[in-house]
């Protein structure tokens, strides 16, 4: 299955087993979603459970929160992450804070799915990687898969959680790879990073759409690197990060979001707070630049082999 | 509307309603005084909206859900939220349902189906649509009521919720408590249309009612509730009253308004309700006296009782961010405590 | 409305209007074909909305400002935006006004007072209110037109802008191009009310017009524009047409709809306009032929010409984040180039 | 003047000199603003220039952007920063990106003022420090003063800028100090940190409401520390930071916002990327915890002397 199929398969499985699951979003029903993640589900489960909503992200998210507070387990979709911001008040002030402000009397079990990132020639408004906006918000769990297997297993774990999850789907990878994905339900645990590849010289921390780019670069150039795929961005798996850094003493962080206050800043800060004495070299971030996302020049925006290698050289050659 | 609501309900129901109004007013006065004395941090008085809220509350069943706003004390009292819990919230003490986390006036009473309050106005409305959807989906007989002010009709959330409710024909009553002010902004500057007329733009029925008239509000809400329960979709009710007090204890209305309604004057909903119920032979002066002095006694007693309760333990501040505490919060707790 | 618009304007005006419609349709066909051939990345065809847009455009003055949306090619052509610049935008080449930064269909033509396009639908509307406020404040004689689709009426931005415009009585015309679809969602599922009726909930005038009727749209817009210019406030116009093509080149409408209007059929606004103008003695067959073949020639020629223009220099990607480049961007530019 | 008076004085001066300046917001006119920053201005400049708007933050910000694109220089106010999120799409997708998407053909000179932070018993929704949400957004300049003098001078520079500024006012400091503030217009430069105090052992980087707390702690405990007040959060003054770190080799960052992806993470990452070899100790962040902001226990939320000292000891005693 590719990632779209893996996600679709998980939604299908869970909806079949649990009638408290409701999908809602723009064009997710009869059209099956603009990326086809919900394809066929309305035909199977009906319009009541796979809702083609009006064009209001604020309403979609707010309505889902209301459902979640009253016993349902909604899985809303925002068509592109770039369009989530009219719902941002609902996300920050309602979804993230309901458990806290009611001392657990009301909870919001929901998975807010949305495709993010560049690489599909989407320009400023169909390419954003806004994970920071969610990751900075206490109360949210932020998850992003990097391959079809993880996508299905992480979605499954997210749907089990009794807290709100922002589930970021790297749209560039939707159809990029096929993998063996079990038909049945299985879990990939939250709050656990995946050590994708093991090495001694260097730790590369990444997630989502950048994972394949990093792996290819590492393999092609025979870098002897630990590659950590975070999977859950918040709360991130600090133990795995620290263990790897203690081993290698050299760290690179790769993501597509703009650098300033991108995930890389938190990872870097958390590392130097804990284990700076293990570091042989600066922690280097390879990221998108602090500009909006350009259309025609997007290949310059996205981190690539050349930039990862340049950073690796800088780190490995240090002192 | 053919049935005569007046005849449906017995006297006791009205006496209880009036009692809740008086208790709420007494509570208001007490908290405002306590705030001036530095015994309470903040409060948004409800004075002037008692008839609206209690009238609406009378139309609800026990299982109906309410996505309320910060000025709904009369409704909470009428629905039986213990005065203790209101006070615990205002004081933010260790027995507060929400562990003292929220500012005063941000009540929650899940047991009475009050679904908790956020500060950004009207952002409860989209949640109400979701809850109403859930009730409809589960084929429950309950409905949802959501409340908000006149100013709140300008927000994005109002628009989003109204449209969703209409499109999905939800069992939902929107009760706009038009007290004619949003802090310092009079309703004429908030919008150029009458609020009840906004319903039509969503394909929804809109109703305007005198929010100072307990019976009228009750009747209008009962009708909207019946419609919702019968699967006939949502209604927007505009209940017009007047914010008699300041916006909050931080606010000085003298800066921006000259027209007011005095506590106890003959435009005051409590006085108006007294008159109406006396006229109907339901209340008399001695009952009124008794209800008022009983309210005084309860509020004073309870206030002093709850004031003695200590604040929450500092460690509680770190709970309930997630079901399972994150390592960051654990670490931060360690640094702070 | 007493004046007869038909008589006010001369034949040439209509011929030019029809010419813009044809040129736009020809452009649409060309770009769709080019997209299939991989020569263009993406496009949102305008087919079906030509009469609406050109009719509205006819009512505007040169100095009026337009906060447009992504489907407004006919209006841009009618207002004289050079075809070269439309193509440069679609190709994102180095001569694009916006340096190839935006996806195709996100035009800008500041010289013609088109104020640029964002993707989040309807978020141009609040900007239009601000611009209209500025014009009013500066006592200019110009007005603002803002365009958007039927789906866009559900957004928060629509609500916010409609209310502001009404409250401040702004010189602003809201033109809702109701093409009856928002991607796969038909208008009946978008809202339970007619769009023009939404105006009343803001205390604004709402008007419904047949958006396939060039003259009617012109007339309705001219009236709204006159009102705005005279300081009589905003109007919401609902112009009903039909989205003849797919939502965009990425979309397959066969998945969700069976009813369509065929290019060239007798529900097509171009055919309808031809009929009307022929009937009025303004157009004849040979003129139509000439206009169409001329359009073909221009579009083909210009397309081939602009296709040869190279992409922007990579370094341009780092400009215009701030007036003065930040050190972060400088540093990142150094790493990337 | 206190900070409220300093801000009011600057708005008054500029409005008097330039009729393109328009203020808009909730309760800012006849009421003078809930914190009185705009007191008296409507009486002086009229309702057209000091607009009491309806209750819609989205409309306030969107309208201001529209004004700015057509020759005015609006200064909108959001009553509490906590309520800014319904306008977040306008901020991220319009205000921040207009210059870029039009290649400078349309610009947005505006100053979006809003009080932020805790310390006034405001609980979850009247105490937030959301600077990360703005600082992560390319195209925005984020400014926050820590005293009346800076408040006036930074507001003046912000109003001169031909780009959008998010101007965050630490509400706890509104009336906390009086200072000598010139009546006339003057500038405090943007993109420049202020070395408030000079020392050799330690660099403490902070801003806004935490500056007085840090200074008091440093003075009371005779810490020999550089204290840097960032003033502009983005683009921050990296040169001053690096210079100080090279001198002291020991760094603490103090802010009130939650730790994860708070400004401290970016500052820490930027330092360790550049001058890790100068560091003798881990970079330590003293911040608000990753929880919503509690009402009754707010004094535990805010960084204080005890926590700053504990961090200083940890840093100074390292190895």
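Chains here go by letter, A, B, C and D, matching the order in which they are written, and residues are numbered from 1 within each.
In this text, contacts are C-beta pairs under 8 Å (C-beta built on N, C-alpha and C of every residue); 3 or more make two chains touch, one makes a residue touch a chain.
Given the structure is predicted, the values throughout are model-derived calculations rather than measurements.
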Determine, using the mean of C-alpha atoms as each chain's centre, which chain is farthest from chain C. B
Approximately how many whole Å separate the CA-defined centres of chain C and chain D? 39
For the pair chain B and chain C, the C-alpha centroid-to-centroid distance in angstrom is 45
Measure off the straight-line distance from the CA centroid of chain A to the CA centroid of chain C, and report it in whole Å. 36
Sites on chain C at which at least two other chains make contact: 99, 101-102, 106, 118-120, 154, 156-157, 159-160, 163, 167, 189-191, 321, 326, 328-329
Residues of chain D engaged with two or more neighbouring chains: 54, 56, 58-59, 82-83, 85-86, 89, 93, 97, 100-101, 124-125, 138-139, 234, 260, 290-292
What topology does the chain contact graph adopt: line, ring, star, complete, or other? complete
Contact set on chain A toward chain C in their complex: 26-27, 29-32, 34, 52, 54-56, 58-59, 80, 82-83, 85-86, 121-126, 259-260, 289-292, 294-297, 300-301, 307, 310
Residue numbers of chain C touching chain A in their complex, please. 41-42, 92-93, 99-103, 106, 118-121, 151-152, 154-157, 182-185, 189-191, 250-251, 255-256, 311-312, 314, 316-318, 321, 326, 328-329, 332-333, 335-337
In their shared complex, chain D is touched by residues of chain A numbered 58, 82-83, 85-86, 88-89, 91-93, 96-97, 100-101, 124-125, 132-133, 135-136, 138-139, 234, 258, 260-266, 268-270, 272-274, 276-277, 279, 281-285, 290-292, 319
Over in the complex, which chain B residues touch chain C? Could you list them? 154, 156-160, 163, 166-167, 189-193, 197-204
Along chain A, where are the residues that touch chain B in the complex? 22, 48, 51, 53-54, 56, 58-59, 61-72, 74, 86, 89-90, 93-94, 97-107, 138-139, 141, 161-163, 234-235, 238
